[in-house]
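Note sheet for the following structure.
In this document, chain identifiers A, B, C and D correspond to the written order of the chains, with residue numbering beginning at 1 in each.
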Amino acid sequence: MPKSKISAWHLLLMLLSLMLLLPVVFMISNSFKTLQDSYHSMLQIMPSRITLVNYQTLAKQVHLLTIIWNTFFMATLVTLGKIITGLLSAYAFKYFSFTGKKWLYLIFVSTIFVPFTVVMIPNYLVISKINLLNTAFGVALPQLADATGIMLFLSAMDKIPVSLTETLQVDRIPAHKALRDVIMPIIRPSIISIGAIFFINSWNEYVWPTLILKDKNSFTLPLALQNYISNEGGTNFPLAMALSTITIMVPLLIYLVFQRYILNSISSSGLK
Amino acid sequence: MSARQAIQLNNVTKKFKKTTVIDEMNLQINEGEFLVLLGPSGCGKSTMLRLIAGLEKANSGEILINGQDIKQDSYFANNFAMVFQDYALYPNMTVYQNLEYALKVHKVPKRERQTRLNKVLNMLNLTAYQDRLPGQLSGGQKQRVALGRGMVKKSNIFLLDEPLSNIDVQLREKARDEIKSMHDTSHQTIVYVTHDQLEAMSLGDRIAIMNNGVIQMIDTPNNIYNNPINLFVAEFVGVPQINTLTGEIIDGQVYFAGYSLIADYSRLNKLGLISGNIYIGIRPENIHVSEQPQNAASIPVIVDKIVDYGRYQELMLIIANGQLIKATTTNNQFVIEDNVYATLVDKKILLFNQQTKQNIEYSLEN
Amino acid sequence: MPKSKISAWHLLLMLLSLMLLLPVVFMISNSFKTLQDSYHSMLQIMPSRITLVNYQTLAKQVHLLTIIWNTFFMATLVTLGKIITGLLSAYAFKYFSFTGKKWLYLIFVSTIFVPFTVVMIPNYLVISKINLLNTAFGVALPQLADATGIMLFLSAMDKIPVSLTETLQVDRIPAHKALRDVIMPIIRPSIISIGAIFFINSWNEYVWPTLILKDKNSFTLPLALQNYISNEGGTNFPLAMALSTITIMVPLLIYLVFQRYILNSISSSGLK
Amino acid sequence: MSARQAIQLNNVTKKFKKTTVIDEMNLQINEGEFLVLLGPSGCGKSTMLRLIAGLEKANSGEILINGQDIKQDSYFANNFAMVFQDYALYPNMTVYQNLEYALKVHKVPKRERQTRLNKVLNMLNLTAYQDRLPGQLSGGQKQRVALGRGMVKKSNIFLLDEPLSNIDVQLREKARDEIKSMHDTSHQTIVYVTHDQLEAMSLGDRIAIMNNGVIQMIDTPNNIYNNPINLFVAEFVGVPQINTLTGEIIDGQVYFAGYSLIADYSRLNKLGLISGNIYIGIRPENIHVSEQPQNAASIPVIVDKIVDYGRYQELMLIIANGQLIKATTTNNQFVIEDNVYATLVDKKILLFNQQTKQNIEYSLEN
């Protein structure tokens, strides 16, 4: 391959990754600027003077630990719930035949494309009727039926050789034991990575928790962040950026820890 | 071998969408028999095995195992062992756990499990590997574990789907011998699917040759080789392939390239054929090549090509009419372009009807 | 498998699909109720009296056609942009080796987990600086660098046998011709389905367009819908449900048309 | 065959991570030569082909094609044709387009393209299929298209990676003949990777037997079979496998099971061995089984098992000391448990050093 051609492709990727990274760099940098610095030289990458004042102010203004615990609890609840329903449904879809299976599957997939704005009101009304407002359970409940999760688990199960499940069938192993003793151990890396993805997404979730969690004591990080951001870009911009930086710490950590699994599972092979 | 039937298929038909894969199949397999299903890829042999195992459902017909219809729920769980091409060992369990798992689930008491496992591990030389995971085993060891999984269940029917195809060519002979010796010791009923005729010939009590969802012939290896029912069977079995020549019957005599081939008149008289075209089948090892004609039917040929396989040599011979025939010999002394004579061994000549492709002289008693 | 066991699994799936479907049914049903009916019997599935009054009111109150056109134009722009960058990047990742490839890929994947709330302010500032506020281009631009799309295309390319690309290599076919003549035709079904997913997601997008599209004339459907919804569930609930119903029509149509491709691609094999 | 070298490997080493796959390889392939790389799976034969094709980069050493280092960019694009195991036809193009594509990209004028394509389509009997997509072709047709793709490029080096392994067993013989006849007509340099020894024996001008990234022996099929350099080669080639027996040299004579095997003293004297253990290699077809001893070295054995392969029979014989040997015969008249005599053909006995596994008598001139 001529050298010049490779460079062109390389350039494209560099450009895109720059587009992806710049906002993050920008955020971290501004979280270390004073309000004045930020106002004058918002787009300057290196702060002219590094200050921790924003983080200190935050610590005074909000119960950071409570908020982090709320976020963590909600994300854990959602993750466990989605893993359980997703795993069981995917297994049922994969290894059982029953009437209407194809239709049921079509319904599941089609719901992926129903915009959240459209279903949030009905869901809100239900959660409010059963008195789960302001609870993590209220946030988690409607997410238990999650078609994306089912499909992620389905594609993990696709990699299990048919002969293996047929051996289970020939040996007359009951379905729940087969799932527990053979299928789950085999797709353990996928479960970990899908779980990590669930957790991070739930951690970052904003629109739906806004509806359910009205009480300041039940706020999660993205909700608290919203208090510092007006539509026009925030009254105290560096303060918002400091809270943003705190918000992405946990996802980043989880990503780094489970990186191997996540990479494998997301692009299941990807590059050599 | 007892005459009780372990497996019985009555008019079984299996279709995938509109394609008929198994067509009105009838088959009886005796208890303790080693039956090999042999055929080209796509002939339906694997589907048949899967039907017997209950992994596919027949569209019509019935399948009886030890006299019981497999559609009944009562049908005994531990009857079967199935060995897949990839062995299908549980990758997260050690060899010991792989063998133990089904017994544990079906609540065989612990002491009983241990006794059975130790016996089988010993028999298959797997004791040293019992704590290894399948990923740490060679192909041959995996195959033994897969067999062992059936043996600890005390299965009396083993279904094997090309169990040697994932083993290195050089080790297949040994792996084959292990299957054979398991059968010799414990007399399970074995149904063995393969596309490899050497495997089939060396393992099977009987071989069922399949094509297009139909059993063409089911018989002992010897009869299949020497007394094939039709041209398909004759051409499918044997390496190098049988020579198929176009001959003619004139006045009750078989002519090929102007030579009258079969001296034995009584054999021809029995057929009652006076004239018409036929196919003549003659295996390469039944063509003798010599410098001088051996009898009146020796055909003058030219050596066109010689391939030396070490143990034997294959001669490509061109007849005056341009036709090519293959002969094998174990001590070839000819070179390319030699003018020699080919003599077809009279008694080994097979005659096939040109329309039906049936062996004209085929008889069950033969 | 014993009958009773299958039923248990079946029940689970039925329950989940009910959870998924109910909000949609509920929405459609309420869009045909009068304001009063909806108030009194909101959770009743069949309207006691079917009325088209909500749709008529909508048609009077907003420029439905303009809004639909805006949504369509924006979604098309985003879809085309994402297909082009995604396809090119995935191809570059898959078939070229260059220094830093692994790191670049790690950056791409990691950005999937940066919450949108966190990057939206920096992105907003950039779009505003380059004067793209209130335009579909402003909405599309930051989405061109989209790691999810790259990974979807990567996994589509994974199914191309290595021997095929090696043949292209042995035959010295230049990269852009190989992409155009061989790779793209082979993954055409995936391109169609990924494109459909892009389009539907963009059609449904809400948070980011809210920031960029301030002018009522540039509104998309989800933005217009927001005007009828307050946090507490809407001042005119049936009217909001009518607009919701209109909103999901196009995604539904696209889903039905490309269903075969989408199903294949999403769960690339899924069920038999 | 000219003596010009088409392909030359000098001290080529290839590692994947820490595993050495090709170890300091040296190899010369003459122009117009048909070289077969034969070896067990994982021996490095495919890697070697990929190194030559430039699909893998060597860690050290150089590879010359027609005298030019392949690392140079100047290296001529149309030199090669590579046929993959799965043929790697472009699934979205017809047969005609598949053949035409590379020419079109490299700007061969349209008329020239048409001429070349028509010639090749004709030669390979593909004219009738030229508008079909690869999905509509059989395995054999696909293979012909893959060959044709190289022929229209006028490649003078063909690299074939197990091209017959996706073709039905019964059709392989024909497909093999097509490759052979392409080579006979156009004399390309061919490097052909296979694990099938029959294919190797029938196709190769020379065969290179590989193991663990090292060429064990490179020679004509005949020498490889009859004069193997070491025990690995002897055991790898030949079905059924060569018998490997443990023998002893006492007073300059070879003893096995108490019998002195080699009568020719001059042969043994040349070796200069007086005593010690050795391996005795004897191919099954070189063991004569008879009712009465044929000479003083005939060993009394018991027939343990008989497998009838149709064309020949394999006898498993047990010697008094419990060792098992295999013999083949084409007209077996014995039955199991017969007491018979096995006579090893004196001249065919191979002797291997027990430590080095080398053939003691191996010489290049032989």
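To be clear about the criterion, contacts are C-beta pairs under 8 Å (C-beta built on N, C-alpha and C of every residue); 3 or more make two chains touch, one makes a residue touch a chain.
From a predicted model like this one, the values you see are computed outputs, not experimental measurements.
**Student:** When the centre of a chain is set as the mean of its C-alpha atoms, what distance in Å lies between subunit B and subunit C?
**Tutor:** 55
**Student:** In whole angstrom, how far does the Cα centroid of subunit B sit from the Cα centroid of subunit D?
**Tutor:** 26
**Student:** When the centre of a chain is set as the mean of its C-alpha atoms, what distance in Å lies between subunit A and subunit C?
**Tutor:** 17
**Student:** At least two partner chains per residue is the criterion; list those residues in subunit D.
**Tutor:** There are none in subunit D.
**Student:** Please list all residues of subunit C that touch 2 or more other chains.
**Tutor:** Residues 174.
**Student:** Take each protein chain as a node, join two nodes whenever their chains touch, and name the resulting shape: line, ring, star, complete or other.
**Tutor:** Per interface graph, the chains form a ring.
**Student:** Going by the touch rule stated at the top, which chains touch which?
**Tutor:** All chain pairs meeting the touch criterion are A-B, A-C, B-D, C-D.
**Student:** Can you tell me which positions in subunit A touch subunit B when the two form their complex?
**Tutor:** Touching subunit B from subunit A are residues 161, 163-164, 166-167, 169-174, 177, 181-182, 185-186.
**Student:** For the complex, give me every residue of subunit C touching subunit A.
**Tutor:** My answer: residues 1, 5-6, 9-10, 12-14, 16-17, 19-24, 26-27, 42-43, 85, 88-89, 91-94, 96, 98, 101-102, 104-119, 121-125, 129, 142, 144-145, 147, 151, 154-155, 158, 174-176, 197, 200-201, 203-204, 206-207, 210-211, 222, 225-226, 229, 231, 233-234, 237, 240-241, 244, 247-248, 251-252, 254-255, 259, 262-263, 266-271.
**Student:** Along subunit B, where are the residues that touch subunit D in the complex?
**Tutor:** Of all residues in subunit B, those touching subunit D are 40-41, 168-170, 173, 195-198, 201-202, 221-222, 225-226, 235-241, 283, 285, 307-312, 314, 328, 330.
**Student:** Can you name the residues of subunit B that touch subunit A in the complex?
**Tutor:** 53-55, 77-78, 80-82, 84-88, 90-92, 101-102, 105-106, 153
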